[in-house]
Amino acid sequence: MPLRVGILGATGAVGQSFVQLLADHPLFEVTALAASERSAGRTYREATNWIGADEPPERIADVEVQPCEPGLDCDLVFSGLDAGVAGEIEAAFARAGYPVVSNARNYRMAPDVPLLIPEVNPDHTALIERQDWSRSESESRGDGETRADSAVAHRPSPITHRSRGGFIVTNPNCSTVGLVMALKPLADAFGVEAVHVVTMQALSGAGYPGVPSLDALGNVIPHVGGEEEKMARESRKLLGRLTEAGVEDAALMVSAQCNRVPVLEGHTECASVRLATPASPEEVAEVMAAWEGPLAGMGLPTAPRRPLRVFADERYPQPRRHARAGGGMQVSAGKVQACPAIAPEGYGVKFVVLSHNTIRGAAGGAVLNAELLHAQGYLEARAEPAREPAPLG
Amino acid sequence: MPLRVGILGATGAVGQSFVQLLADHPLFEVTALAASERSAGRTYREATNWIGADEPPERIADVEVQPCEPGLDCDLVFSGLDAGVAGEIEAAFARAGYPVVSNARNYRMAPDVPLLIPEVNPDHTALIERQDWSRSESESRGDGETRADSAVAHRPSPITHRSRGGFIVTNPNCSTVGLVMALKPLADAFGVEAVHVVTMQALSGAGYPGVPSLDALGNVIPHVGGEEEKMARESRKLLGRLTEAGVEDAALMVSAQCNRVPVLEGHTECASVRLATPASPEEVAEVMAAWEGPLAGMGLPTAPRRPLRVFADERYPQPRRHARAGGGMQVSAGKVQACPAIAPEGYGVKFVVLSHNTIRGAAGGAVLNAELLHAQGYLEARAEPAREPAPLG
Amino acid sequence: MPLRVGILGATGAVGQSFVQLLADHPLFEVTALAASERSAGRTYREATNWIGADEPPERIADVEVQPCEPGLDCDLVFSGLDAGVAGEIEAAFARAGYPVVSNARNYRMAPDVPLLIPEVNPDHTALIERQDWSRSESESRGDGETRADSAVAHRPSPITHRSRGGFIVTNPNCSTVGLVMALKPLADAFGVEAVHVVTMQALSGAGYPGVPSLDALGNVIPHVGGEEEKMARESRKLLGRLTEAGVEDAALMVSAQCNRVPVLEGHTECASVRLATPASPEEVAEVMAAWEGPLAGMGLPTAPRRPLRVFADERYPQPRRHARAGGGMQVSAGKVQACPAIAPEGYGVKFVVLSHNTIRGAAGGAVLNAELLHAQGYLEARAEPAREPAPLG
Amino acid sequence: MPLRVGILGATGAVGQSFVQLLADHPLFEVTALAASERSAGRTYREATNWIGADEPPERIADVEVQPCEPGLDCDLVFSGLDAGVAGEIEAAFARAGYPVVSNARNYRMAPDVPLLIPEVNPDHTALIERQDWSRSESESRGDGETRADSAVAHRPSPITHRSRGGFIVTNPNCSTVGLVMALKPLADAFGVEAVHVVTMQALSGAGYPGVPSLDALGNVIPHVGGEEEKMARESRKLLGRLTEAGVEDAALMVSAQCNRVPVLEGHTECASVRLATPASPEEVAEVMAAWEGPLAGMGLPTAPRRPLRVFADERYPQPRRHARAGGGMQVSAGKVQACPAIAPEGYGVKFVVLSHNTIRGAAGGAVLNAELLHAQGYLEARAEPAREPAPLG
C-alpha cells in the first residue's frame, strides 16, 4: 500500500514536475496538493499554468489545491517551493511531524540536514537522527542558506533516536548533481583535488516565466545568479565524509563558470579535474563506465539501471539526444581527455557531463531521495485521520 | 589610390564576408573575384548563394567570377579558400609574386609564415623576409597543416631582402583569436603559464551548409573537429617571441574543450588562467581594460578604437548583444574572478571572452592583417597590366 | 503470432522512425532491415547516423543491413525510401509479391494505389484489388509522381480478385494529413468547398541533414519545395469518393502557402475554409471534437483514442506541447473562429491544426495503414522460407 | 536647425528604439527623455535595461530621465508609452500644445486622429485640423481603444484652423503595416475586397520581458492578444478615404490568424487576397515592384528608396536576411501566386510579405510620420524657454 504524499508548491514548475513523476509511482500516491493562497480553493487544472507537454494527469487535474499549512492528509511532503517561502513552510511541516523531501535550497547547507544524491552519499541520511524539530521554536528561519545554517545550528542538542518526528532532506542544485555524480567514482578511485567546470545550462533551470526569450534566443548569458557558489559549496558537502560531528566537507576546490544557453532541457558541463593520483583518460573513462553505485540491486523505482553512461562517440553526449536517458535520471559523460592545464602530466583529466536539470536535477532527484528514505526505513504511514471518503480524483 | 585586390574563394562563406568588408574600404578596391571552376564564367550574383543579410553590393554583383589561377588583375589576394584546396592555390599565387593574405589554416604553422593578430604580434610579419617562393618547386604542397609545415621548411634557404616577391600571411582560427587577445595583456603584465578554456561557438563558424538544423536547434554539440588542437598550437605561436631562428613558441599550456551552441554569430569562451606572478581579479580586469595595444594611433581603418572591452555588468558580454562591437573587431570580456582550481591562491583567474567569429575570427582579421602589412610597407601596386578600361562594376 | 516485417531505407530518417515505432509492436516484428549498397553488410548500429533521442533499440542495433532487393525474409515491407529510388524498388517488391506500405510520394497519385488515412478513407484500400503487379513489366517506372501515374495507368487491366499478390499502399505528405483529418468531419457535416492554408512546418520534415542551421535559426523560410502542390492534389484524392472507376476526387479547392519555421517536431497550420452549408464556429468546433472516426472500437494499436482534439484555450495547440499527443498520432486543433474573408457571412470558418510530422505524417501513419490492412484481411504470413534459426537479435 | 524632441517612455523597448533611430537624425535632436516615476531622476544609462545590441549612444546615456509630464523642453514628443498609461499622458501633452507622434494604440481609431503610414495615406494628416485639445476637459480618457474613440468623439466641434495647438498622430500595429503597404498598390490598381492573412510574428513584438523563453524556443504560439482585431480594423482605416466627415473606412474584409514564432526581428505574413478586378500573379507582382509611393522625391531621411521590394527568388523574403532592408523601413514581398481558394479564377492572389516589426512597425514608423509632418508644415519650434545652457550630453 503506497504512502500518501503531499506536494508543496504544486502549481509551480518543480511542483508540476512532481505531479508528473508521481502520477504512476508504485510507492507513493499523491493525496494532497498545496500552493499559495492565490491558488488555494481552485482545482489544480484551474490554478496551474501547465508548462510541460500535454496536460496534467486526469486524476490530479480536478483535485482542489490547499494552502501550504500542516494538516495536509499525507505521510510525507515533497517541496517544490521557492526559496523565498520554503524556509518557514518546510520548518512548519517538519515541526508538525512530516518528513519533508525538499528541492529548495534553504536547508541544503544546514549541518544536520542531509544534502543527498542517493548514488553518492546515501549514508548521509543518518543526519536525520540529529534533527529535532519538536524542540525548535517557531521563529522565522531558513530564509537564506546562511541563515538557515545558523538557525538549525543553534538548536539545543542532537538526539540519537527519532520516532515519528518530522525531518527535512534536500537534493542539490541542478548543476551540481551531474558534476558530482561524475566525480564520485573518480574520487573513490583516484582522489579529486580540484575542478574547473563551465556549465551550459538549459532555460528550464530558471523556472517559469524565467528567462525572457529576447535574452535567450541565439544567445549565451554568462551568468546564473548564485550558481557558481552553490556548485562549489554543495559539491564539498556531497562528497564529504560523515563523522560523529557531522559531515566533514571534502577537500575539493571547485571553481565554476555558469552560462545559460538556448537549450530546453539538460545541463551540459565541461569539467577539468586535478586527480590526487595519476590516471590516463582511458582509465578514468573506464572507472566512470564501470561505476555501479550503491543503489545497484536495491530496486528503487526511479534509479537508472546505471548511474553514469560514458559515450565513446566524440559528438556525444548532447542535451537534446541524451538528457532524457534513463527517464532523465541517468547522467551522461563523454570526451574524456587529458587536461595538461589544470595539473602536471598524468594528473589532469577533462570531460563533458550532461544531466537532466528538471528531473535528475530537481523533482526526480527528490523522488529518488524519498525512495532511498523508504528503503532505509525513514518513512512510514502516519496516524490516519479518517481516510474513509476516497481522498481525491 | 587604393590597392587592387582579388578574392580567392569569393563565393564561399568567408569570401562573401570579404566582399562585404571590402565594399567601401579606403585602402583596397576589389578588382577580381575567383572561385572554383563551377562558378567561373558566371556573374558573382549568379554564382553565389548569398548567406548574409540582404544581398551582395551592387558594384560587385555583376562582376564575372574567374578561376583561382594567377593572372588576376590585382596587387594582392585575400584567400577564403577551403583547406582542401588552399595549400596549392595559395602557393601558386605566392610563386607568381602575389601577397596572399589568407584565412585558411594550411600555412598557419609553417615556420616562415606569420600567424598574425596585429594587436598581438605585429613584429611577426618580419617572417615574410624568410619566404622565397620564387625558388620553391611547383610540387603539390600545403594540403594539411603538417605537410605544409615541412614543405615550407625544406625550401633552400631564407633570403633577407625581398622585393616584389609573393608571400603568405595568415590569421588564426576563429576560436583562438578572442582568447589570445585577452591573454596578451596578461602575458605582458603577469606572465601566463596555463589556460583551460571552454568554448561555446557560433554555428556560422562551421560555414555553409555547416551544421544541420536538427543537430543545432536547442542543443549543444560538445565537439568541433580539430578545434581543440588548433587553439593550443596557434596560441603558443601567436604569443611566441620572434628570434633569429624564427618564432619561439610561448611556454603556455592551453587545454581547450570546444562546443557548438545555437548562436548565429560570436564565440563565447570561458577561460581559467594560471598566471606566473600573482594578481587579483581587479588587477587583471584593469590591465585588460587599459590595454591599448600596438595599433593605437596607427589609424588602421578596421582596427577597433580599443582592442578589448571589459564589462562590469556580470550578465555581459553576450554574443547577440556584443559580438558586433567595433564593427565585429573588438573583443569583449567580463566576469573576471579568481579561479582557485587552476592555481594556488592568487595565481588563478577566470573570465569570459567573446569575439565575432566570422569578422574578427576570419575575414575581418585578414583585412586588418592586410592593413598592417600596408602600414609596414609590405604591400605595393604591382606592375599594372593596362588598367584603362574601368575594371569592373 | 506477429507478422514479419522488413524496413526499406531503414537507415534514413523515416526508416529510423519505423524502427522506433515497431520496436514493441503487437502485430509486427521487424525481421529485416534494408538500405543502400553503402550500408549493406554492416550492422544497423554501424550503418546508421541515429538522429533521434537516445539510440536504436538493442535488439535491432546488431542486425545486419541488407540491400533493398526482394528476397528479404518478411511478410510485408515498410518503405521509408527517398523518392529518387522508391519508384523502382517498391515496384520490384510488389512484383515479388510483397505488400508494400510506403511513405514515399511516388505512387500516391497512381489511380489504383490507395492514398490512405485510416480515419478518413479506409474504404479506399479496395483499390488494392485493382493492382496486378504480376503482369507489369519490370521496366523503370514510378520515378516521379506524374510518371508513376501514367506508368500504373497503362497497365493491362485491373483484376478483381487478388491472392498472394504484392501491392502498394501509401500515406500522404506530412503537411496534408493534419489538414485533411480536420476537414473530414466538416466535409461530412457541412461540405467543404475551398481551403486557404498556411503551414508552419517543423525542420524534421526536411529529413537529415535537411535545412542548414544558418537558414533555420531565428528565421522563417517561406518555401517548401513541391509542398503546396502536394497539399492540393492529395487532399482531393483523400476526401474523394471510391467508385467503380476508381477514386473520384473531391471538388475541393485547396490553396497552400508552406513555410519552414524553427520547430523540431509538429506542423502547425492555419486554415480558412469555405463551407457548403452555413455553420457557426461553435458548431464547427463541436463537430470536430465529437468526431470519432471509423476506427472507433477496432482496437488498432497505433490509433489514438480520438483522432482529433479541439482546444478551448486560445493559446493552443502548440507544437512543443501537443505534437506528441496520443503518441504523436492524435491531431490537435483550436482557435475555431469565423472567417469573413473566404466566404459570405456564415460560410467561412478558420482554425489552427497541428500534427506530428514524422509520426502521424510519416512512419506512424504508415504503421496505422498496415494495422488497418491487417484488420481488413489484406495481410497474411507469406510462405515461410525456413524460419528455424531465430531470425535476429 | 533641428527640432528638439522628447521621448515618452524612453526606457522601454520602443523608447530605446526611438533613442537609437534619433541618435544622428538630421531633423530631430533628442533633448528630453521621460519615463515612469521609478526611472525619473536617474541617468538614462542607470534607468534602462538596454535590450538591443551594444549600448545606448554616449550622448544620451548620461541624460537625466524626467517624469512624463508636460514641461519637457522640446518641440514635439515621440511616445513609446504602454497602452495602459498612454491615453492620459498623451492627452495631457496634446492639451499642453505638444505635437505627439505616438506608437501607442490608444488613439489609433479615434475619428480625428490620423492613423498614418506616409506611403499609404499621407493626406490623412489633415485630420489634425479637427483636433482641438485646448477645449477638451482634463478628464480621464483614452485608456482603451474603444473608450478613446468615444472620448474624442464627444468633444465639442472640430475647428478648421490650427495654430500652435497640440495634436496626436499615430502609426499602426506592427503586423498591420507590412500587410497594408503590400495592399496599397493593389487597391489602387485592381481594388481589394478581402484578405485572409496568417502572421508569423517575431518575439520582439511582445516587448521585454515579453514571451518567456520556455514558450518561445522551438515552438509556435497561435495567439497574439488583440492582434487579429487590430489588423482588421486598422487596415480599413488606413486604406480608407478622407472625406468631409472624416475617414471613410475601406470596404475591405480582413481576416487574420496571428502566430508568434521563434524569430527575433521581422514579421512574416502570408496573405491571400480577393481582387475587385482580375489580375494575373505576374501583373500583381509587377504592380507591387513598380510602386513608388507618394514619398518619392520628397527626401524624407527615414523613407526607404522604394517602399516595397518584390523578390523573384521563391525562398525569399526571410526575416533574418531581409527584415533590416532599407534600414528596417523597406517592406519585402515574394512568392506572388494565384490563390484559387479565396476567389474565382483570376481574382485571387496570394503572397508573402515581411516587415521589420520594431523599426517600420513601431519607432521607425513613428519617425517617418514625424518627417512627413515636418515636410507638410505641421511641426515648428515652440517658444523657447531659455535654451542657453547646452541642454544635454
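A, B, C and D are the chain letters, set down in written order, and residue numbers restart from 1 in every chain.
Criterion: contacts are C-beta pairs under 8 Å (C-beta built on N, C-alpha and C of every residue); 3 or more make two chains touch, one makes a residue touch a chain.
Predicted, not measured: the structure shown is a model, and the values here were computed from it.
Enquirer: Going only through chains that touch each other, what is the minimum step count from chain B to chain C?
Expert: 1
Enquirer: Across the interfaces A-B and A-C, which one involves more C-beta pairs in contact?
Expert: Counting C-beta pairs in contact, A-B comes out ahead.
Enquirer: Looking at C-alpha means, what's the farthest chain from chain B?
Expert: Result for max centroid distance from chain B is chain C.
Enquirer: Nearest whole angstrom, what separates the Cα centre of chain A from the Cα centre of chain C?
Expert: 43
Enquirer: How many Å are there between the centre of chain A and the centre of chain D, using C-alpha atoms for each centre?
Expert: 49
Enquirer: I need the residues of chain B touching at least two other chains; which ones are they?
Expert: Within chain B, residues 215, 217-218, 262, 264, 320-321 contact more than one other chain.
Enquirer: Taking the touch rule as given, give the residues of chain C at its contact with chain B in the complex, in rising order.
Expert: By the definition above, chain C touches chain B via 51, 203-204, 208-218, 262, 264.
Enquirer: Quick check on the complex: what are the chain C residues that touch chain D?
Expert: 194-196, 198, 200, 215, 217-223, 253-255, 257, 259, 261-264, 268, 270, 272, 274, 314-321, 334-335, 339-342, 348, 350, 352
Enquirer: List the residues on chain A that touch chain C in their complex, please.
Expert: Going through chain A, the ones touching chain C are 52-54, 217-218, 264, 320-322, 324-325.
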